[in-house]
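Dropping the structures in below, format is structure tokens.
After this come two complexes, each holding chain A, first together with chain B and then together with chain C.
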Partner chain A sequence: MKKRIRRYFPVYLMALPGLLYLFINNYMPLPGLVLAFKKFNAQKGIFGSDFVGWKNFKYLFATKDAFVITRNTILYNLAFIVINTILAVFVAVLLAEMTSRMKKIYQCLILLPYMISMVIVSYLVFGYLSSDNGFFNHTILSALGKEPINWYMEKKYWPFILVFVNAWKVTGYNCIIYLSTILGIDRGIYESAAIDGCSKWKQITKITIPMLKPTVIMMTLLAVGRIFYSDFGLFYQVPQNQGALFSVTNTIDTYVYRGLLELGNMSMSSAAGLYQSVIGFILILGANLLVRKLDPDSALF
Partner chain B sequence: MKKGLALLLTSALVFSCLTGCGKTEEAGSSAQSTDTTAAVTADAGTEAAADAGEALDAAEQAIADRKAKAAESGEYEKIVVSFFDWTGAPAGIDRINAKLSAYTEETLGVDVELLIIDSAAYTEDIKLMLSSGEQVDLFSTCGPGYMTCVNNGYTADLEADGLLDTYGAGLKDFIRADYLDACRVGGTLYGVPPIKDYAIQTAAVCIGTEYLEGAGVDLSTFQKDDLGYYKCSWDDIDDMFAKMHAAFPDKTVYSTQDNMLTQGSCVDNIGGDYYGTLLNPSQDLTIENVYESEIFKTWCERFYRWNQAGYISGDALTDTNGASARIKSGAYMAMMACGKPAYENQISGECGRPMTVFDVGEPFMSSSAVSSFPWCMNQNCADPIAAMQVLQALYTDPVVANLVCWGEEGVEYVVNDDTTINWAAGVDANTSQYYPNVLWMMPNQYAAHVWEGDPVDVGEQTAKFNDNCPVKSKALGFTWDNSDYAAEYTALQNAYQEYSGKVIYGFVDPETGLKELNDALYAAGLEEYMAAKQAALNEWAQAAGIN
Partner chain C sequence: MRSDKKFQIFSHIVLALFSLLALLPMILMLVSSFTDNNEIIKSGYSYLPKKWSVYAYEYIFSTGNSVLHAYVISVVLTVVGTCLALSITTLLAYALSKKGMPGRGILTFVVVFSMLFNGGLVPTYIIYTNVFSIKNSFLALLIPGLLMNGFNVMLMKSYFVSSIPEEILDATYIDGANEWQTFFKVVIPLSKPILATVALFAGIGYWNDWMNGYIYITKRTDLYSLQNLLNRMMQNIQYLSQSSSNIQNANVGLSAIPMASVRMAMATLGILPIVIIYPFVQNYFVKGITLGGVKG
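Up next is the complex of A and B:
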């Protein structure tokens, strides 16, 4: 034991800043969760404030909105998990098979959207969808002789728009992880497969995809843990906070934001945060349990 | 060798982390030391307050004590005053703070530091400072909101131990007792209102003068009101819009914003929101749903008509730019705001072109007009006595007011012969090193100089405008803590945002749009919310002897 500590001392030392960061940022605030059950008053402090029980959670469940926001949050996240994973794996396989010198350029171009702030993305989208001057209404639909569509008032298009924008934005980033896994696969396997007369297609389906499985499972588990969170920018900025679209764009985060922006109620926002993390925690444990049943080697823990 | 290097690098990393932590600790301990000194002065303060007749002496004594302490330690204690501007801390802030402190060291025995924060960040920053114990002694509640600050317990009772009477008695000469009372929450005074126009001239339609001329509108047919604006009816406005639309087909006639109730009506948003309002606030204390009222319906029908006529941009729902900023861009011609004395100058500046103001509504003072964003003291303030004396100076001392409002004479501005001021040579709004441009938020803008072009007696004019306001809400000073109904409020807020946009900008027929909106509001719990508000209002009215 002692020998091990001495041997890996530099490694531990390297981990120390990270652990400190984790401790300060993720563990020290944990007692503050008690705020979700209190009526916060600065004069009494977090721990001195009065207990109010579950009252702060009421607004998350009290109205008919509760169903809509929960449904939107979960369904969008499920769609994102499935579609983004398929796209990212697809792009990663393509990039891995590519031998031309353009590969690096493609990789950068795909990654680029990930670097753009959601606020900017929302204006890019607006450039296409603006009802007076947008590219679709102004150029495409008028060229086809069709009536312009008031995009920001028609909710039926938005599930597709949001899924598309999200995929466009994150695919490049997600595929890096898959690409690095593929590059880590022993080239010897492919060589011997090629010698045995295995086609490129067979190599992909029989070697690359199975070898990717643990990474896919890990990434999916992580995503499942955050299924009750939503990308605030995507759901608030990209639809331009349009009321007419709420039934398909309102998620837990945007609902809480809209309601509490003026109230500035810390206890209610902690309640929302606690609710999201507890459900996320249960889901990630459950999903991991399921994976362990089906395929013990791929489970996270 | 390589390993040694790695070790060196990682330990450097770790150390830099640790030193980062050390710094905050230091700050913490220094805050503690001011705490103990404060306790001493506070004790002296309560003793002094025991004899109210010697208030003046007590105030002077407190100043003398601080000076004596400063002479001993070589350092004055500091009072931090925070508010927002549009661009973040001005470039010349250190110079202004030094000037200000040099003056207040003499008069009050304290240093004063202005902590000016960008408007976009102010709400978050000030809440963080108030809840984390960072030093901020006096702050404007414009941004976080007065009731939010009171409900969260951020604000100190200004009358605790006779604080206001003993050390801020001068404030009462400047702020009328009924305006002061309007800021009480549950009988306790947590803030003092900035001295400004509390009444508004509702529905002031502002149109670019060049567009009126281009459309051939004859202004001589209109009478002028008390404030000097053209009095006219909505039919006149419709006529003008039609002419302007014909003369400038490439420009959008009307620049929208969701202000038809706030600036365009005398409906009282009692308790701080429009979910349950007083429709006839000068007469009647019955809370009603404004979205079912004729007043709101008339607005929606007007906008529907304008939208059909093509006066409103198809992007009105998505465009989040300010109404005046759009007019400044040159693509829009008219907007609605609320008027007050010397408003034409202000709106012309905002719109970047001469604007003509039409007065279509009537003057109105709502229940929250006075208490919308008072100045408050942090409950965590180390030395409330010093803070109160600084607060008094902000309202009463012209030297302090000028420095805070306008900066340094000769550097930022020069004084004309008639005591108005203008930019110093080579300085303008963009190059000035100190130009917060938030005069309406300042404790007492009228203690400072008046800008060239505005009447020198704008302060008196405004006071008269406030006093003469014919439609004053009976519930002036009523405040309501809605935190027990936060679930309903959140749902109402979401319902309003979901269904309001298209009906208030005239994108749907008001008949169907209003029904949708009201159904959603009732489903969100409007009835319970209104009933709770009414109960609180009745209780308040009874206590205040109003019926």
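Up next is the complex of A and C:
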């Protein structure tokens, strides 16, 4: 054993920088979760602060916020799962049937939004929605003879805007997995179907879609595992942190951020953070166990 | 065959529409950056402005202001970050791919668990500010969250396991090469596709990141990356538009906010490197996502 460890000494050395980073970035913060049960006092530090038991959680769940952020996080994720899956499968099916060189160009363009930072996405959205200069108010609504809308103050539009922006950003990314599954299907099946007189439409509904089903189920399960997490940039940058919109844009991630850095409400923030970590962990674990049952190769662990 | 033809036409139309939809917001940004500022104030951002102007770009490049400075920060951050990230990710992934290594299971678990459970923002923020004191330093942009992630490590590890035959490694050991020589002379040259993929993921992560700067850079605005600068500008605009009384308080801010066309020019410059590099590296990106399978 000793000899083997010595033989592998250089390999341990190679692993060291990465492990050190994981230790600092991912493991050192873990004991800090205990803060959720304490009343934070900057002078006393995390471990010196007074223990208050479940009080922070009692306060958190007594507020309306706890319900709103949980509802928003889960409902947006459900909407994303349904709409993004439909769009991604649709685009993947069309791309897979493309024979011309345009296929590469289409894929390139549809994937492009995925590469753009959320800050710039917020500029793009602002270009359309700005109440002073926005394209919608100035060009579209005025052409229709309608009154301009103060988009960043009206919350009824935002669930749709956020779902749309998210779909715009991730469809190109999501369809890659489905596309590679379709391209992995034996072409012989399609050829014999075509000889039997199957139309393209029939081939898609009777061959492609059923063959995609396992991948769709897998991706959905993994997304459900992450249902307690949200894209902070999407919910913080795109609505531009507007207070008037909080009831439809506040998610657990934005709540934790605001508690920590804007409101200085460390107790609530850390309670909400632990709530997310623990339930998120259970969901990811559960989803993975299911995935492993269905298809061990796709499981995360 | 006829239905085939019809289907192709249908696909072309639909995909062209999707592509157009993906591009339209960026076209609006690009056109606005070349629009005369008074024209924007008069008739808003438009695809067909009546008056064009290159003033926004002249302004950015002639005043030598914070935009170019932030651009340099972004470039340095992306280059340094990508090199570091690629190095430590590759080394750790290679170690984990060693089947005979004692403790391999535990180390793999350490990596996988980091993907499943994390302390979240609050404890991480406290560790980085109180223990490591990286607030308001370049390290704050470089280190938190972005340097390495379990996903890339596992992606690379599975590439090493499946694509580098053990016989080749064994042969180099027999030839007397040590672990480092093997790593640099055999493993690296055989792994170019996955190295390119992970470098790409890391590079995009650094170029696009705004959160580290937003959270940890509170005073040293000279350390702002382009994303942070854009972010700060948008906040100032919102702050001023929220109430007119803010305007008196923020007289300094008012003059600091560039005009509508300049802002769009800055955002355009922000995605320019991506748009230039992206078509050449798209294949590596797609391959990486496919390799990672549904794990992404």
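Assume the second predicted complex is superposed on the first by the 205 of 301 C-alpha atoms of A that agree within 3 Å, B and C clash if a C-alpha of one lies under 4 Å from a C-alpha of the other, contacts with A are read in each partner's own complex, and residues count from 1 in each chain.
One rule holds in what follows: a contact is a pair of C-beta atoms (placed from the backbone, for glycine too) under 8 Å apart; a residue touches a chain by one contact, two chains touch by 3 or more.
Fair warning: this is a prediction, and the values are worked out from it, not measured in the lab.
Novice: When the two structures are overlaid on chain A, which partner does A:Met14 contact: first (chain B), second (chain C), both, or neither?
Specialist: both
Novice: Quick check on the superposed pair: does A:Asn241 touch chain B, chain C, both, or neither? Answer first, second, both or neither.
Specialist: In the superposition, A:Asn241 touches chain B and chain C alike.
Novice: Of the partners chain B and chain C, which touch A:Leu285 in the superposed model: first, second, both, neither?
Specialist: So A:Leu285 only meets chain C here.
Novice: Taking the superposition on A as described, I'd like to know which of chain B and chain C A:Met266 touches: first, second, both or neither.
Specialist: Both partners.
Novice: Give the label of whichever partner, chain B or chain C, reaches more residues of chain A.
Specialist: For chain A, the partner with the higher number of touched residues is C.
Novice: Figure out whether A:Thr70 sits in contact with chain B (first) or chain C (second), or with both, or with neither.
Specialist: A:Thr70 sits against neither chain B nor chain C.
Novice: With both complexes overlaid on chain A, does A:Thr85 touch chain B (first), chain C (second), both or neither?
Specialist: In the superposition, A:Thr85 contacts neither chain B nor chain C.
Novice: Give one of first, second, both or neither to describe whether A:Ser130 is in contact with chain B, with chain C, with both, or with none.
Specialist: Both: A:Ser130 reaches chain B and chain C.
Novice: Across the two complexes, what residues of chain A are contacted by chain B and by chain C?
Specialist: Shared contact residues on chain A: 10, 14, 17, 126, 130-133, 152, 240-242, 256, 260, 266.
Novice: Chain A touches which residues of chain B in the complex?
Specialist: Checking each residue of chain B against chain A gives 3, 6-7, 10-11, 13-14, 17, 123, 127, 130-131, 144-145, 148, 151-154, 273, 313-315, 317-318, 320, 379-380, 482-483, 486-491, 493-495, 497-502, 507, 523-525.
Novice: Help me check something: in the complex, which residues belonging to chain A touch chain C?
Specialist: Spelled out, the residues of chain A in touch with chain C are 1, 4-5, 8, 10-12, 14-15, 17-19, 21-22, 24-33, 35, 45-46, 91, 94-95, 97-100, 102, 105-113, 115-120, 122-128, 130-135, 137-139, 152, 168, 171-173, 176-177, 180, 199-201, 215, 218-219, 222, 232-233, 237, 240-242, 253, 256-257, 260-261, 266, 269-270, 273-274, 276-277, 280-281, 284-285, 297-298, 300-301.
Novice: Going by the contact rule set out above, which residues of chain A touch chain B in the complex?
Specialist: 10, 13-14, 16-17, 20, 39-44, 56, 58-59, 62-65, 126, 130-133, 150, 152-153, 240-244, 246-247, 250, 255-256, 258-260, 262-266, 268
Novice: Can you list the residues on chain C that touch chain A in the complex?
Specialist: 3-4, 7-8, 11-12, 14-16, 18-19, 21-23, 25-26, 28-29, 32, 40-41, 43-47, 87-89, 91-92, 94-96, 98, 100-102, 107, 110-112, 114-127, 130-132, 143-145, 147-148, 150, 153, 178-180, 183, 204, 207-211, 215, 227, 230-231, 234-235, 238, 241, 260, 263-264, 267, 270-271, 274-275, 278-279, 282, 285-286, 289-290, 293-296
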